[in-house]
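Single-structure report; data block below.
Order as written gives the chain letters A, B, C, D, E, F, G and H; numbering starts at 1 within each chain.
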Amino acid sequence: LRTGFPEVIWGLGKTPEQIAQIMQVMGKRSPVVMATRIEPAVAEQLEEQIPKLIYYPIARICALKTNEIPRMGGGVISILTAGTADLPVAEEAAITAQLCGFSVQRLWDVGVAGIHRLLSHRELINQADVLIVVAGMEGALPSVVAGMADCPVIGVPTSIGYGASFGGIAPLLTMLNSCAAGVGVVNIDNGFGAAILAGQILRTAQRLQRKE
Amino acid sequence: LRTGFPEVIWGLGKTPEQIAQIMQVMGKRSPVVMATRIEPAVAEQLEEQIPKLIYYPIARICALKTNEIPRMGGGVISILTAGTADLPVAEEAAITAQLCGFSVQRLWDVGVAGIHRLLSHRELINQADVLIVVAGMEGALPSVVAGMADCPVIGVPTSIGYGASFGGIAPLLTMLNSCAAGVGVVNIDNGFGAAILAGQILRTAQRLQRKE
Amino acid sequence: LRTGFPEVIWGLGKTPEQIAQIMQVMGKRSPVVMATRIEPAVAEQLEEQIPKLIYYPIARICALKTNEIPRMGGGVISILTAGTADLPVAEEAAITAQLCGFSVQRLWDVGVAGIHRLLSHRELINQADVLIVVAGMEGALPSVVAGMADCPVIGVPTSIGYGASFGGIAPLLTMLNSCAAGVGVVNIDNGFGAAILAGQILRTAQRLQRKE
Amino acid sequence: LRTGFPEVIWGLGKTPEQIAQIMQVMGKRSPVVMATRIEPAVAEQLEEQIPKLIYYPIARICALKTNEIPRMGGGVISILTAGTADLPVAEEAAITAQLCGFSVQRLWDVGVAGIHRLLSHRELINQADVLIVVAGMEGALPSVVAGMADCPVIGVPTSIGYGASFGGIAPLLTMLNSCAAGVGVVNIDNGFGAAILAGQILRTAQRLQRKE
Amino acid sequence: LRTGFPEVIWGLGKTPEQIAQIMQVMGKRSPVVMATRIEPAVAEQLEEQIPKLIYYPIARICALKTNEIPRMGGGVISILTAGTADLPVAEEAAITAQLCGFSVQRLWDVGVAGIHRLLSHRELINQADVLIVVAGMEGALPSVVAGMADCPVIGVPTSIGYGASFGGIAPLLTMLNSCAAGVGVVNIDNGFGAAILAGQILRTAQRLQRKE
Amino acid sequence: LRTGFPEVIWGLGKTPEQIAQIMQVMGKRSPVVMATRIEPAVAEQLEEQIPKLIYYPIARICALKTNEIPRMGGGVISILTAGTADLPVAEEAAITAQLCGFSVQRLWDVGVAGIHRLLSHRELINQADVLIVVAGMEGALPSVVAGMADCPVIGVPTSIGYGASFGGIAPLLTMLNSCAAGVGVVNIDNGFGAAILAGQILRTAQRLQRKE
Amino acid sequence: LRTGFPEVIWGLGKTPEQIAQIMQVMGKRSPVVMATRIEPAVAEQLEEQIPKLIYYPIARICALKTNEIPRMGGGVISILTAGTADLPVAEEAAITAQLCGFSVQRLWDVGVAGIHRLLSHRELINQADVLIVVAGMEGALPSVVAGMADCPVIGVPTSIGYGASFGGIAPLLTMLNSCAAGVGVVNIDNGFGAAILAGQILRTAQRLQRKE
Amino acid sequence: LRTGFPEVIWGLGKTPEQIAQIMQVMGKRSPVVMATRIEPAVAEQLEEQIPKLIYYPIARICALKTNEIPRMGGGVISILTAGTADLPVAEEAAITAQLCGFSVQRLWDVGVAGIHRLLSHRELINQADVLIVVAGMEGALPSVVAGMADCPVIGVPTSIGYGASFGGIAPLLTMLNSCAAGVGVVNIDNGFGAAILAGQILRTAQRLQRKE
């Protein structure tokens, strides 16, 4: 990644030894190193080798901060989920965003089956800078939110569901076909990627400001 | 079909001659005969052969009524669409329901991208007897409606859309995965089947009343 | 859900602690709380924490009844299965319906490969108020039943089968393409959703009666 | 093909000139030459060049018989369809079988939505030698027939239907997952292949007889 | 199934207790009872409860023979496999056929990548009565065999392979699209169904003989 | 849409009369009205009814501007295509962005098969504010660009290609799986949606500036 | 492309004017310019503008040769087809190869359903330098050929077929799963790509020779 | 396989006993015998029975060399990976190639998200004899490499990724649709097949040399 973002290791398909080694090497040249998709058993092994390691169990992220993370001023990343089962993906987004230095606002469990709960947060959505909307099953939340919001919406389909959700295909297609324009979609369960995209959006804002 | 429903001809893949002939034969034993999926050019040919034929161009339905349709008392079938492009499917449902003797209430263009328009019809939805909800693209409307309503909801995915809507697969999956329970789904573009199912639901109500 | 239905927790992807806690909170404001998709090992843990819990092992449902379930008068939900392997899904429907206060009639193992067995129950099907038809493999039963019945039919495809059943896609497509009109389809293995839809159908009947 | 079967040309993707030329060459060495998938306009062009050509418009087959077709004794091929729209495929099977010298029995429009009509032909099915069962939409007919019959059943899915029939995938999967054993499936719309397989079955019977 | 075939239990999704009980009940009225898809551990449990049980480990079939299986005279079922990994499916077919009283000829490992090995068995194929051809990966064997044989060919796709074989979809499509006519296809891994179909084919031969 | 964006009509499935009428109604209350997916023949009919209409033939967009479009200061939307066949989609994005008042920079035909051409525009990519990357066939361009850029990247898969591109599925999956983070994907051929998302990103920048 | 290969224009989705213009520009700097996927009507228009243009109607290729094509010595590209309907794709490969200066050997109509015809060309296959094998429907030919040959085999699936061939998916999967190793697969109907790959293979041979 | 290549056993679905036995039989007639897809636990069992066995743990290959492998002169097989998670597949290719006597050059972790790293190896790619390019997730590397190289490129999609990579479908489609010609694709994760194809390419070079 680029200046200002942490170094990132994709934890899937790597042994704890490999992850620990890469983290330590990277930790020498970067203030923050993070690894995603770390199951608790792997995290325990990593913690033995890297004492200063921090583990975020819901997000399944490990981080090594050798320096204070520089705060990215201006703008908040708001993260919404449709259900509680979508939390691990949403927390992957939230922790990633925070490790990048962004402020995060969380709003869980506002799925479209209970539209009134969502509407009670109308203000928050109207005034958001950038929205990450995480939803499994039918994945309709980003469409409704994009219709209410006046900012970029990042849709994250999750593999939560069964039967005809086909491991996240159903919400993925829903989000790609959103009748409300202004939704960008990332891979199924890719909370990490959503956070980086949201971060890039806020950084663009900051860079444009500096240009002027 | 059974007592009380019209005779129905599925127009796809039949010649105008075949349709006209079947209609005339059936018209002798049934007060209402209807044919679905009739394009305007075919309808014109049919009208030449069957002078009393009525054509509903948006619904693409032809009907021959030799008798007054007996009114099915008690209960209304409410039909909603997400967009105007869903109208042909919704009208197929509406005309079918009317030809079966049911009262129909239409509410077009209340898709989830403009949730306020849908919410302004809250009363109608709350008090509905049975709802047919027609939507293409991401097909999220039935989920939201089922969360607001307290009656059976029939979801009709349409082939309206492009790209990753895959001819209606996207809204079909959305509706099957609805996080709000109480939604029964019919085939893509199957307005006819939705109307028959809604009709069966109201008839069950009437039959139960008679039992008591 | 709405007035008159129990509170429901979707058990998949929740820890026993989470489920127990939500049940106890909900149990304070609702006469019946139920959780679906509860495996035996989880049920045992729940029973330790909630002594009055009832577990239905075939249906994989846990329920907490703080009050007598109010009987929903008028109308019976008839549930059919094609094979014995479809039982868990059918029982999920049956127990859900009973926990909602509805009467249930069960008819197992009447698949279309032995049509005579199905035909021997002709009367039951002819006189049903609402039918839930559960089938895996080729999923042809709802089509045949809908041709015999004169009431709404809810088709529930199951993931029973192998090879080209593709985890329930085969019976799902079969049911969506039913040549007999009047079939509403729910998600693969979604016995719960079928019961709620059937319940809504009977409730509509009752509401219409009250209106008159 | 082998001794005893006609020479066959697959008409798709060949010019009328190519088809006419191949037919005339083959007609010199074989008593029967047939071409499948011949649209009316192509047939007209062929008839100009080959005066003795016979065209079967529903089956879309052209045949050139330079000799009487030798009658294949013993056994009848029974062909059933679910609906009238399946006729072209069923006739492709029927005419192919007849051009091979087999006796054919036709039974149209006995789909499972009206199971009584099928049951009224119980005797015919019980006593069949080999059955070709042609069905589109949900394609449930072969399962039901195979449960009643005591002979090989050949299932032919057709592309008749719309939406979630996906051009014949739905009935194809249905037939492959038939819960009644003894069903062999051929390609979507492949009436020709079904007839050849049925013919091979009857020929096996005759060869076994000769062996003894 | 019908007269002359054993009673069959589909072992998937049944507990050993259920299987044992059904076998014992059926064993009272049928000379042969068999159960398919029985893993070794389940077979051991069954053998404790039913001492006379026979287990075929490769075929994963259990059988209970209370009487000598009546020999079905006339005709042999020839079974071919493309590779050794296809053996369990081929043996499911072979043992089923034998338990039905048919003679079986086995020819393993004659896949198309080494066409000379297949050609060295030309005679066997030319003179077969009915052929079951079992193949995974690309599943090309039935096409080649059907081009050489002059009898019905039953294609059994297997789930052997990886990547783009998609659990058997690749050989399934291959067999359905066979350019050699006369191939009937059964479900992926369905050796049992192939044997029943082959048995029905030989029985038709016998019945036709009796008619004369 | 919201304040500051034009009114938009989705032209697919609407008659020229309908489009013309909606445009005229909307033109009364909005400085810019646009319609997408307008084929040349339809545009001609519209131009007859609305004299001031402007047609962009490559983008297939019609626009009616009753007022000068207010310029959105600060930031440019850079649009890249992999090939020339992707132009209609890219121009849909470009014209939409311009009608919203944004500045647009176009860079056509920089697909990954000729990586040097892309690299010669390194500076442009490095300094972009927001990038829309349009690609069909294998759709690899957004991955490469996102690895070079330090701003949000919007990937637009197109239906350009044949065979295994499956109407745009291939580039869609490529973009969703981008190994470079920071890519948001829209529907196949959805140039319009990409422009709105890019516009929202620049507007967020402007709003954040105002907040300070 | 690189030194030694002609300049190539992909004709799909370009107007005749665009193609003519690009050809003329390229013709100034390259001895051979070719355009693929040119339908006859387009070719006629091109011929009017570019008098020296050569059109290969079966291959649907247009070529402009301003110089003699330099002969690529050493090695022949052998091209096989399963059926006659595969000819356009095979000729696209053949003409492309020839325009690149390679020698081509054609062998049409040697599909696996008539294995003896293929075997009669054993010598040709055994001694080939590189083989392009073109097949639709079940696409089994490359597997059989790769088992016989001792050289690289390039499999080209075609969209020839119907029903479950799914526009070429069936032969594509067959070729990817070939149980004979040494098969490289290109896109459905991509005769052009196969020829370039074959050309690269022969060029590698030549370059290695030069190195020594 | 043919003269000059080792004997190969596909390890999937075989017991250690079966593999050991086949290896020992083959080892008597072939200087090199290898088995693919051997997990560590199986390798340990094999090593007990065959003392001279060599196990390559990353490649998951076992080999038995009874003689020195004859060196295949002339030409090197260059193998590239996009990420480190692709290593097992790349090593399967590398070890297979080496066991066939070819020289191998490895270049790991040059995925397109960091294009500069790839470009720094420009020379290696420009001068390669044959390239095997291994990539998962979006699989874009072969397209970029084929645009830079002037030799045959073999694309190997891997199942590395999650969500919409669908077990390797995403990179498979990407490679089949490569806009750079000259890419031959093998099955998902099929490093073995890629090596054999690369070996055949170099052997063709050698054979052509001998011819002259």
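Note that in this section contacts are C-beta pairs under 8 Å (C-beta built on N, C-alpha and C of every residue); 3 or more make two chains touch, one makes a residue touch a chain.
The shown structure was predicted, so the numbers you read here are calculated from the model rather than taken from an experiment.
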{"item": "Topological distance between chain C and chain H, in contact steps", "value": "2"}
{"item": "Joint neighbours of chain H and chain D, given as chain labels", "value": "E, G"}
{"item": "Third chains touching both chain D and chain B", "value": "C"}
{"item": "B-C against E-H, pair bridged by the larger set of C-beta contacts", "value": "B-C"}
{"item": "Farthest chain (mean CA position) relative to chain C", "value": "G"}
{"item": "Centroid-based (C-alpha) most distant chain relative to chain E", "value": "F"}
{"item": "Between chain H and chain G, distance of the C-alpha-averaged centres to the nearest whole Å", "value": "26"}
{"item": "Inter-chain centre distance, chain A versus chain G - centres from mean C-alpha coordinates, in Å", "value": "47"}
{"item": "Centre-to-centre distance between chain E and chain C (centres being mean Cα positions), rounded to whole Å", "value": "36"}
{"item": "For chain E paired with chain G, centre-to-centre distance based on mean C-alpha positions, whole Å", "value": "42"}
{"item": "Residue list for chain C, restricted to those that touch at least two other chains", "value": "83, 163-165, 169, 172, 176-178, 187-188"}
{"item": "Pairs of chains satisfying the touch condition", "value": "A-B, A-C, A-F, A-H, B-C, B-D, B-F, C-D, C-E, D-E, D-G, E-G, E-H, F-G, F-H, G-H"}
{"item": "Residue ranges of chain E in contact with chain H within the complex", "value": "84-85, 160, 162-165"}
{"item": "Chain C contact footprint on chain E (complex, rising order)", "value": "10, 12-14, 18, 157, 159, 167-169, 172, 187-190"}
{"item": "List of chain E residues in touch with chain D within their complex", "value": "1-3, 8, 74-75, 129-130, 150-154, 172, 176-178, 181-188, 192-193, 196-197, 199-209, 211-212"}
{"item": "Partner chain H, residues of chain F touching it in the complex", "value": "82-83, 111-115, 119, 137-140, 143-144, 146-148, 161, 163-166, 169-171, 173-180"}
